[in-house]
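Inspection log for the structure reproduced underneath, given as structure tokens.
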Amino acid sequence: MIVAMKTDATIEEIERVMDRIAGYDLKALRLPGGERTAIGIASGIPSGLRETLTEVLASMKGVDHVTQVSRAYKLASREFHSTDSVVRIKGVALGGGEVVVAAGPCAIESRDQLFAAAEAVKAHGGKILRGGAFKPRTSPYAFQGLGIDGLKILKEAGDKFGLVTVTEVLDQHDLDVIMDHADILQIGARNMQNYPLLIAVGKTSHPVVIKRGPSATIDEWLLAAEYVLAGGNENVILCERGVHPLERGHTRYTLDLSAVPVAKSLSHLPVIVDPSHACGTWRFIASMSKAAIAAGADGLIMEIHPDPAGALCDGAQSLRLNAFGQLMNELGAVARAVGRTIA
Amino acid sequence: MIVAMKTDATIEEIERVMDRIAGYDLKALRLPGGERTAIGIASGIPSGLRETLTEVLASMKGVDHVTQVSRAYKLASREFHSTDSVVRIKGVALGGGEVVVAAGPCAIESRDQLFAAAEAVKAHGGKILRGGAFKPRTSPYAFQGLGIDGLKILKEAGDKFGLVTVTEVLDQHDLDVIMDHADILQIGARNMQNYPLLIAVGKTSHPVVIKRGPSATIDEWLLAAEYVLAGGNENVILCERGVHPLERGHTRYTLDLSAVPVAKSLSHLPVIVDPSHACGTWRFIASMSKAAIAAGADGLIMEIHPDPAGALCDGAQSLRLNAFGQLMNELGAVARAVGRTIA
Amino acid sequence: MIVAMKTDATIEEIERVMDRIAGYDLKALRLPGGERTAIGIASGIPSGLRETLTEVLASMKGVDHVTQVSRAYKLASREFHSTDSVVRIKGVALGGGEVVVAAGPCAIESRDQLFAAAEAVKAHGGKILRGGAFKPRTSPYAFQGLGIDGLKILKEAGDKFGLVTVTEVLDQHDLDVIMDHADILQIGARNMQNYPLLIAVGKTSHPVVIKRGPSATIDEWLLAAEYVLAGGNENVILCERGVHPLERGHTRYTLDLSAVPVAKSLSHLPVIVDPSHACGTWRFIASMSKAAIAAGADGLIMEIHPDPAGALCDGAQSLRLNAFGQLMNELGAVARAVGRTIA
Amino acid sequence: MIVAMKTDATIEEIERVMDRIAGYDLKALRLPGGERTAIGIASGIPSGLRETLTEVLASMKGVDHVTQVSRAYKLASREFHSTDSVVRIKGVALGGGEVVVAAGPCAIESRDQLFAAAEAVKAHGGKILRGGAFKPRTSPYAFQGLGIDGLKILKEAGDKFGLVTVTEVLDQHDLDVIMDHADILQIGARNMQNYPLLIAVGKTSHPVVIKRGPSATIDEWLLAAEYVLAGGNENVILCERGVHPLERGHTRYTLDLSAVPVAKSLSHLPVIVDPSHACGTWRFIASMSKAAIAAGADGLIMEIHPDPAGALCDGAQSLRLNAFGQLMNELGAVARAVGRTIA
């Protein structure tokens, strides 16, 4: 941590800051510059102290600003876990050499609908079936999901087609029933900083996909992962799904594909990409899926639907099943071009 | 709702869209233009149908894009409730002629700390005491609040100093205990789209402050309010607290004061402003508080602390108690300049 | 164009708007809805009238808002030019089946430096040599480029190695000398809305790369292209180079790769990608370059330098020459995977 | 400047960085931490070296990132010029105790139009007449301004009504003619990083308003001012006019009023606010103008028009003349509430 003093800070102010640091049993080093003095802390700072210390120093007289040198997350950091983590679920490995594709409808609407999607996922080499039972909807008047009935259909489809399943958890009090029915939990972008939910998921050992919030920095995203890891759950998968866009006219969000190599350089966790919510239209799914794999993503999660025009949720951004089949072929070629495989 | 066809849409595609609209018992009108045909829906669209219909039409062949003419929220809209709503709590009225100030520490740390703050709030004309018992912290290693012990202190302080109290609810399952101890619920910015929480709060009649999420549009914010209103709880207060900034170097967020007149033009709900979290430093609180009142805010919620440098949470953005006293005097002058009062 | 009236608009207000539209010899159609009336304009609107008409109607009594159905650009639009445009320069074709790579140093520093870079570009299959002579620098104290001396070196290097050359133009009054020395003009992101410069370039027939401004929407970017096209210069190449990021900690900008398929769906113009300025560090160039090609980019423009640590400009984001060579091999594989070639 | 090494940096890598710093005759200090070593530079760094040094160090092996302690601008900084600068033009003082209001039409359309506006400005206590002769328009098909004929009308109106005049300069080659006709130059938001223009204006002593670019950080804005100051022109006025918004539905841009106290704390230059372009509609001008003054702005620049519905440019965001008169009264009250005056 570096404390930059104001250019007109007095010697007394500088010494008071150094004394304060010393009061925490930390070593302070003076760095006189051309314009101002900075004070470096030349000791390790316990992680429980970091935030408080920053605020204490920032509010002292003569201090201009405080800069962090170290990162606030540890367990999520590649610096403390240098090799790639691989999350394994029923024989599917996320974060290894294979690019894993999850697909399915936004919302589970019926047994027929989900089974048709599951059959297509299986047929074309997808490994994971997605489907929402509890839907977070911006409008209270929109379809909110089938709830537990949806979970039952999901489990049945996963079992029948031999697919791993993933579904969103909105409320920590639904965790048990969701874990009984689905293999992977998803924490949605709007819940990325729902701390009670993160803490509850951290107490389980269920694999969990953490979607990046639309205005979350990468550090905030990794801190959300840190919440789950700090609880003891190591099966964390990061998912980029688009950040707040410059305009909402052509896409819903801006898919930040640089988040893939950035997150993978900072963290050992697998990183997957959801092109569907970012694009908001099926038209750009194929190109952005290819780009995600080329950028180094460990997997994709995308929306497909047997009848997009009749969908109760996010129909416009869902691929038809035959378009999904064709895309899977094309994705295989891109994966091979970057030294990976799909299915 | 307007459906803009592609410039090369065929007559059959146009007719198919018109038929589809007619299939929902809605009237479609053709609007031929210089370059493309648009199709307007010349009937009221039931709110439960709006989202589905948009997606159905957007995914049809020949359609370029679909544009909304009406807004997705109703109960929150001024168009359906033209006069200002006033939320009344124990004699304090939010949304009327008086500008109401809420102040207190970010986190309740001790009885002494909160009582010192409460005494200052009361002495200087504040009406509401704020204090966090359950704290949402970006880092899992930061102080997470005193929990129920904090709530008890809050209630005791409110009672002793005759102040209305407000505290954040993170988890709908804490609602009962929080409502037993605090007069106003706060839904934090990170939870603005935590729908189970919004729905749970909507089933109570407890007043609730809904903070705008850092990447939420004003329409999304009003839709969050709509969730609570749709449940039957009319005591909703909107709170602007800063949107995702261009940089985090000088302020934490960008306080969007235009959100005050915009929200008040679109909605009848009271709108307050939290300058503390947006600024992230006490240095800009005074000027932004004055600006908020000048912009038409119905109230302020700000952080004050008897000893900012020793605070366990957000010390750097807290005003000292005497600075708060001086600011309250200055705010009174600004309020009067725009035809309102404080205290 | 659709005019949405307020819900409480009077019949007189509605009629006044319809009369006003009729006054421009346009046909107005009434679209009564459940909550409000909308008025559609059922005729082609001359492009010179569009903006004025929007403002006139938006400021009329009883009007809530005005929505555009058509786009403001025409010559840049795929709707008016359905096949891909190919820009040809000395045997290099941008926008065809081949992915074209431009590379070179941020700033031309010396003959030795540029020639070393040019040799590497040529050796590894790049077709275009980039190099700045007039540098836009955020700080007035940073190196501003060699000016005309730099241009001479660029021309010499292009001639010697048989490479097409590209360099940035900051000032329309430098156009002649730059066109004498370089094959392609580049309009930088900071100048995307420098209209005198766009107009001046539009009067030439020199190929021009228009970089997207960091806060420009895709429509604003296409309108910048429209300025050049409207002047008669058809040789326009679009370049995505990153938009304003959520944070500047890990990358300089957020590379918006969805802009590639979006721009190519809206426009017939070639679209290339600059991963260097967006990433701000060489570490992510390889993955983002591959992603750009997978997303459908027609080319790349990237920074390479014989000695990044000694560079006078943007050293940290430049690839070493041997890393560039290796990357070109890898890019070839990705290009083939999406049915294209490099070199 | 602080160089944070990677956690696994070797002793050799650390020493190589320290040697490199020493090679520039700067003193390096090692700051060992719990996780990583940082290296502080404990000497003043010449401003011409800062950027290069940052890039050199950032690209060295073992380096994680480089952090700035000092700011890149000097002449614009309050640290080097602690008292407020006051820019004086023909008896009008910007940056002193008085809040100065500039008003006028977006574009000069005719003598009658500008004279009507000028008369209103004068009558209601405005000091500066604004009016565009060369208009930057997003669309090439929109009205581009009257050019020199507009300048002549502006000068005539300024002379007749005893008003200081301001107009935008788009091209440095128009500087002479504009300086002959107008008292203050305006550099528009889209040109904030048009360096040839900034340099040209820096060589004059004409007062200049620099609008903040819609995606410019405050530091970038101050660096734009530094360009002009570094040329010798001290008469620089900063103008906040809105940053890239979360959505463009309700306002054009997000007026960042916190930029006023932030810029005034970092810099000694006067700061004014343009509410018209940010809001994009006259409806929110009154509240945002009051808020700007309450936030500490030294002035306002706003659009007024005798006949907004007939305006050729930005009619929807222009106030009618009588609304302007009423607003001026209200602004006086707010100014007095914060210890300042208008007119």
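Annotations for the structure displayed:
Per-chain numbering from 1; labels A, B, C and D assigned in written order.
Keep this in mind: a residue touches a chain if its C-beta (ideal position, glycine included) is under 8 Å from a C-beta of that chain, and two chains touch if they have at least 3 such contacts.
All figures in this text were calculated on a predicted structure; none of them were measured in a lab.
Between chain B and chain C, the least number of touching-chain steps is 1. Ranked by how far their CA centres sit from the centre of chain A, the chains are topped by D.
Averaged C-alpha coordinates put the centre of chain C at 25 Å from the centre of chain D.
Mean C-alpha positions place chain A and chain C at a centre distance of 30 Å. Touching two or more other chains at once are residues 215, 243-244, 246-247 of chain D. On the chain C side of its complex with chain B, the touching residues are 2, 4, 6-8, 29-36, 38, 40-45, 67, 69-70, 79-80, 82, 244, 246-248. On the side of chain C, the complex with chain A involves touching residues 215-219, 243-244, 246-247, 249-251, 254-258, 260-262, 265-266, 278-279, 283-284, 287-288, 290-296, 330, 333-334, 336-338.
For chain D in complex with chain C, the residues that touch the partner chain are 47-48, 50-52, 54-56, 58-60, 72-73, 136-144, 170-173, 190-196, 198-199, 213-215, 220, 223, 226-227, 230, 243-244, 281-282, 308-316.
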